[in-house]
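Below, chain A partners chain B and then partners chain C, in two separate complexes.
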Partner chain A sequence: MNMRAEIQRTPAEAALVDAFGERLSLLPGDGAIMVKRDDAIEQVKAGLPTRRVESWHYTDLRRLLANVPAFDASVKAKSVAPLIEGSTVLSLANGVSQAVSSIEGVTLQRLADKLTDGSYAAALVTYGTDDAIGAINTAFVADGYFVDIEAGVQLDKPVELQNLQAGGQSHVRLPVRVGAGAKATIVERQTGEGAGLVSSVSQLLVGDDAEVLWLIVQDQPETATHLAQFKAELGKNAKLTLFVMNAGGKLVRQEVIVKASGEGADFKLRGVNLLAGDSHVDVTMVLDHAVPHTSSTEVVRNVVTGRAKGVFQGRINVHQIAQKTDARMACNTLLLSDDGEFSTKPELEIFADDVACGHGATVTEIDHNHLFYLMARGIDEKSARGLLIRAFLAEVIEELEDESVVDPLEELLSNWFATHG
Partner chain B sequence: MLEIKNLHARIADSGIEIIRGLNLTVKAGEVAAIMGPNGSGKSTLSYILAGRDDYEVTEGEILYNGESILEMDPAERAAKGIFLAFQYPMEIPGVATMEFLKVAMNSQRKARGEEPLKIPDFLKRVKEAAASLDMDINMLKRPVNVGFSGGEKKRAEILQMKLLEPQLCVLDETDSGLDIDALKIVSDGVNALRSPDRAVVVITHYQRLLDHIVPDTVHVLYKGQVIKSGDKSLALELEENGYAGIIEEAA
Partner chain C sequence: MPAVQETIEQVRKIDVDQYKYGFESFIEMDKAPKGLSEDIVRFISAKKGEPEWMLEWRLGAYRRWQTLEEPNWARVDYPKIDFQDIYFYAAPKSTPGPTSLDEVDPEILKVYEKLGIPLREQEILAGVQKQAAPVDELADEEAGDNVYKSGRVAVDAVFDSVSVVTTFKDELAKAGVIFCSISEAIREHPELVKKYLGSVVPTSDNYYATLNSAVFTDGSFVFVPKGVRCPMELSTYFRINEKNTGQFERTLIIAEEGAYVSYLEGCTAPQRDENQLHAAVVELVALDDAEIKYSTVQNWYPGDAQGKGGIYNFVTKRGDCRGDRSKISWTQVETGSAITWKYPSCILRGDDSRGEFYSIAVSNGYQQVDSGTKMIHLGKNTSSRIISKGIAAGFSQNTYRGQVSAHRKATNARNFTQCDSLLIGNQCGAHTVPYIEAKNSSAQFEHEATTSKISDDQKFYVMQRGIPEEEAIALIVNGFVKEVIQELPMEFAVEAQKLIGISLEGSVG
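This part shows the complex of A and B:
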């Protein structure tokens, strides 16, 4: 027995390890899956990452993860209307899926079934040794939805994957496969009530010539811990736009791990992070341009109020063969309080010699001149500030163009400012 | 309508005094031209009237309709009817011009206890004002002043002025960056606003604008003071002889 590790374990680490022992008999999975769970909990036992681990430098999970609630089967998650009217909703209530109805051209399965019969074993992987979210999730994941969109299918209605929590713990996975030439809009809704701990891993495969708009909308309560990972791989001429909005949570880490594996693939990340209170919100991206002629743009806009701390890490790896890569990254932050903080870390690792890559980051206050101009037209200071902050964020949202998507996102913005403005 | 008495003001950051005992009275219905060489404090005066907090008034008084405005913020002054047409109008990315106009008009209406404008009424007013200034309404679909040429920005300022119907209009170097056709259109726009209960303060470097907007009074500003006042002939004299003579005379 490793006594030293036992002694050094934080309450959160101990709670996770203990919970694993208690939950083990209830977790679905065949032999192969149970082996993966064991490996994963060993990784947790070895200790959560600290600031000495490079990818966790600004989010010292070991220190920040103070509270791991017990599993609580008695709480009931409240249902919510879909973000975009008319969406097909697949909801998870405290980590448990519902019976699935079918969509034409789409195979839907409850992930619990795929864990039980072991057909999900090969996909249950973590991302290296620093992948704490992947490890926690692999150890505990009990359910989710598997969505398989057949080649050539153009979904006319968005699919909304709702992860609704009500306290306690929930660990889900959302594997989605979009076949060649198919087109889909997927909403990943992360919301709920209470001081829960959520881990959620989305795995997206975008087939050749397929086109996906994926929206992650996270507005957990100010007491919740939200650990999320979005992994995607893009085929030839595949297009993926990922829109991430964080508008809640106490401790939030959203990882985005994308690989452009097919020539002509295009990835866009657009992010809006609204930080209030004493929250800590981290968006960390690792993007691989693995083949020639792929492109990506990332635009992340943040508003920081209160004593909140924000992080954006953007790492772009351009592989040696990935000539003609075009990658642009920008992270802009409006710091609205003296006690708020934002850390930005762009990293470009370029091994090819014929590429166009760039990044830029700004942290600013509201432009004094702009404020004066608006006020000189009779707009009171509070409204003028509101206009300018919203304009700063609206630029990113309005790029999505489709009104049925833009309008509800702008409404979320309004609601957030009504509470935190 | 406007009474400035022994005004002293400095740049808040550096403490450098720009306005040094300025006196000026502008009556309702009057068009007053403020002229002066570079660095005399013309633009500073316009900013102080609008309430920009980069400047600090250390002495003196500004009365507008008999009431001191020094404690009012820019929005309160605007709602009371003071309008500054900027020398360099700000570009504000992300704020749609139409939205900005609507919020501005309705903010002022609200401050005056009036009902907000109905959308069709608002659109009608904007269309009419744009047409009178020969502005393409499609420009107003863009964010505020973004991508506008210098002349288009100046027109947009006058458009705002028309829509907000201020009582005291302060035009800061409105002629700079305008070609002769645009100058005519903008001047016509200002002249159309002349009325017995409205005052206009035209800040300019050159006589050129005053051929189009003919002033009732002309005041020469130098080193933060009005050193000479007269009628429109004073502007012509300046055009002819430059500022040197008047500066010498005052010293």
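This part shows the complex of A and C:
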């Protein structure tokens, strides 16, 4: 809309633009990096997306983004124990990386260094005019970790990338490359305390025949704004399982952008979204099947309580040459409160004819027959409901099989129910 | 329109003409000057002999339209429409308002004859397979199912901008049913038109609906009074004949408490190299316990094999289940039009009301279809059902776009949606874009969608029995769409099945 230019900036838009002016001299990188940052802030200046922008239909960022705190270097983020015992932890405290230790077969670098020397410039890209998270992050990103896992390396311990905030703003990037035939488990932990504004972009390259399990666990305080993006590209016969758990935050948008660009690639998305209070949590996925013989399955389960609003948008694009694609997507929601809201838009865009694609979506209350079954056996209503909700979610978690991963996730689930159930 | 005008002469010869309604008739026409302005709106209103309030209503819409921007969210692609290059009014020259068939230009009757639409009553009786009883005998029968079995259909025929004839009027009047052209209704029943026109699709609704409100030229009006079950199927046939004309029809159907009506709509147009615009508005109002069944077989000219010409079908159709326990059901078979952009919707306002949408959208050649429905649950215990079957062949794009929403107070809202797509060939696309929004915890929404091609096993099975490939595909496709075809009145079901076969011709190999 050409009318946009005439519309006055919202306080949040103005705060972002002002913050850019103030931060400019402190941001790492020059030349090529600065050009990218300038382009990105121009995109922010043009206005944050409204519901008229299709990919933001249910999350009117312009209206919803109210909290843009100033940068605060004085706050100290509290450290947390890793989700999976024995993980190698790479921690970012309020957007600042620590000195890195080495892991055998893995190259680790602080992203600030790669920004300063300009070697990261080429990867600093947004993917369209509606990529508001990419634009905000590109403009402000100051640090992160670059993880390069060599070909053939089988990591026996998970790597946990912790992004800990303590108020103010933090903008990080987590580029990870997994070489051909390598195998790794990576935990992306998004947590902290305080009413911070966080933008985080993860970029994953999965090499041919490589296998990655990536867990995103987000449990920000209920005052935080969390804008995150996970981008991945899959090589030949590469396997990626992405597990996303959202259990906090006030305004949350988690984008998942995956491209299967090698034959035989397989992508799995499993999601558990726990919504309470007056939070707004949006999970948006765009999945491209770009070559023949790729497969994907997505299962997202949501529980909505209180006055929370939940969103799941999932788009599967099957390119014209991508024959024999097999893609399935399901989004199931338990809407437990009359003040809550859930909107879903599962899209299929299919240009190849020899494919099998499907999606299903349900929104409903707990099945009364199930409830009756349990209550008839002497279980009180509250416990019976709890059991059914837990079972509904645990199904997705248990699919991960590995006990060392399943147990801590189930514990997080229990903690959430203890405070919100 | 202008974008393709210069090439018209070069592409006179079309070898892939499966469109059997593509003939053109030369009938003397009465046209308004090209283009759109307040004067044209006044001209149309004056031509129709409309009262002052109607003209004001149109002008209000026209002024509103000037402030609107053309929507671009649909998954369709076309050159910008030059609204100043369209005739907004074209009517066959004849005595104003024919009172009987004999006064209608025989050329027009011939057109409808060619289309197989029986305007003359005896032909209607001859046209159905069933043994038809003499008219007076039928009149004695109880209003009810057995009357339908006689297969009699009252027809309102709309030719370019005006309604040329409406049959069976007197008999319908005996039952208290008003079935006439909307122009006539504005003159004869202004109180009803005033009360209901624009109450479902307001003049400010969307770009094309607003345009239609300003310049609509004709359409059908149906009023079924309290407790009346309309004694026969009502039907309208729309025909665009003139070059460069836009057809803007407006249909308004009202079913009072406990009334029932089934209405069919069919459309065709000549084969032309330029695109023509069709922007209709259909409004349905169902009061307490009323039921409206609206069926469409849309077969506007789809353009030739290279994607030249064809109708732009930009339609706003909406039903309002205003009363408790009311029911509105949309059934559509979409095979024609270069571009289809329509979403027949139901607003489930009354408690216990029900909305249904059954759709088959077939696209071939360079056709683009973006169609679906909206089910807006507002009342308590409302339910809706969506069955959509999309079939894409050739270079076409076929999109299902639908919305299901339950508002805060819509306790026990229930929806089931199923949309299946079938792809024939690897140059076409099938897309599904459902919007599901729940704001009430007792709402229960289910949505499922699948996309696949005709499996080789299925095809092999049929062909092995000596059926050629093309027929085998038609057979499988007909099985695929059976659920929707079943919802059509019998006469239409046969026609629809044939149409699907014709539309897919040439899609093999």
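By definition in this document, the second predicted complex is superposed on the first by the 414 of 421 C-alpha atoms of A that agree within 3 Å, B and C clash if a C-alpha of one lies under 4 Å from a C-alpha of the other, contacts with A are read in each partner's own complex, and residues count from 1 in each chain.
Rule of thumb we're sticking to: contacts are C-beta pairs under 8 Å (C-beta built on N, C-alpha and C of every residue); 3 or more make two chains touch, one makes a residue touch a chain.
A quick note: this is a predicted structure, and the numbers were derived from the prediction, not measured.
S.K.: Look at A:151 in the shared chain and tell me whether it touches chain B only, chain C only, both, or neither; answer first, second, both or neither.
M.R.: In the superposed model, A:151 contacts neither chain B nor chain C.
S.K.: Please work out whether A:337 is in contact with chain B alone, chain C alone, both, or neither, and reply first, second, both or neither.
M.R.: second
S.K.: Looking at A:383, would you say it contacts chain B, chain C, both, or neither? Reply first, second, both or neither.
M.R.: Only chain B is touched by A:383; chain C is not.
S.K.: Applying the document's definition of touch, where does A:323 land relative to chain B and chain C: first, second, both, or neither?
M.R.: Touch status of A:323: second partner only.
S.K.: Check whether chain B or chain C contacts more residues of chain A in the superposed model.
M.R.: C
S.K.: Quick check for you: in the superposed arrangement, does A:394 touch first (chain B), second (chain C), both or neither?
M.R.: first
S.K.: State whether A:299 touches chain B only (first), chain C only (second), both chains, or neither.
M.R.: Neither partner.
S.K.: Quick one: is A:374 in contact with chain B, with chain C, with both, or with neither? Answer first, second, both or neither.
M.R.: Only chain B is touched by A:374; chain C is not.
S.K.: Contact residues on chain B for chain A in the complex?
M.R.: So the residues of chain B in touch with chain A come to 50-54, 73-75, 77-79, 83-84, 86, 89-90, 92-95, 99-100, 103-104, 107-108, 111, 143-144, 160, 164.
S.K.: Inside the complex, what are the residues of chain C that reach chain A?
M.R.: These residues of chain C touch chain A: 73, 408, 421, 423-453.
S.K.: What part of chain A is in contact with chain C in the complex they form?
M.R.: 54, 57-58, 320, 323, 333, 335-338, 340-365
S.K.: Within their complex, state which residues of chain A touch chain B.
M.R.: 368-370, 372-381, 383-384, 387-388, 390-392, 394-395
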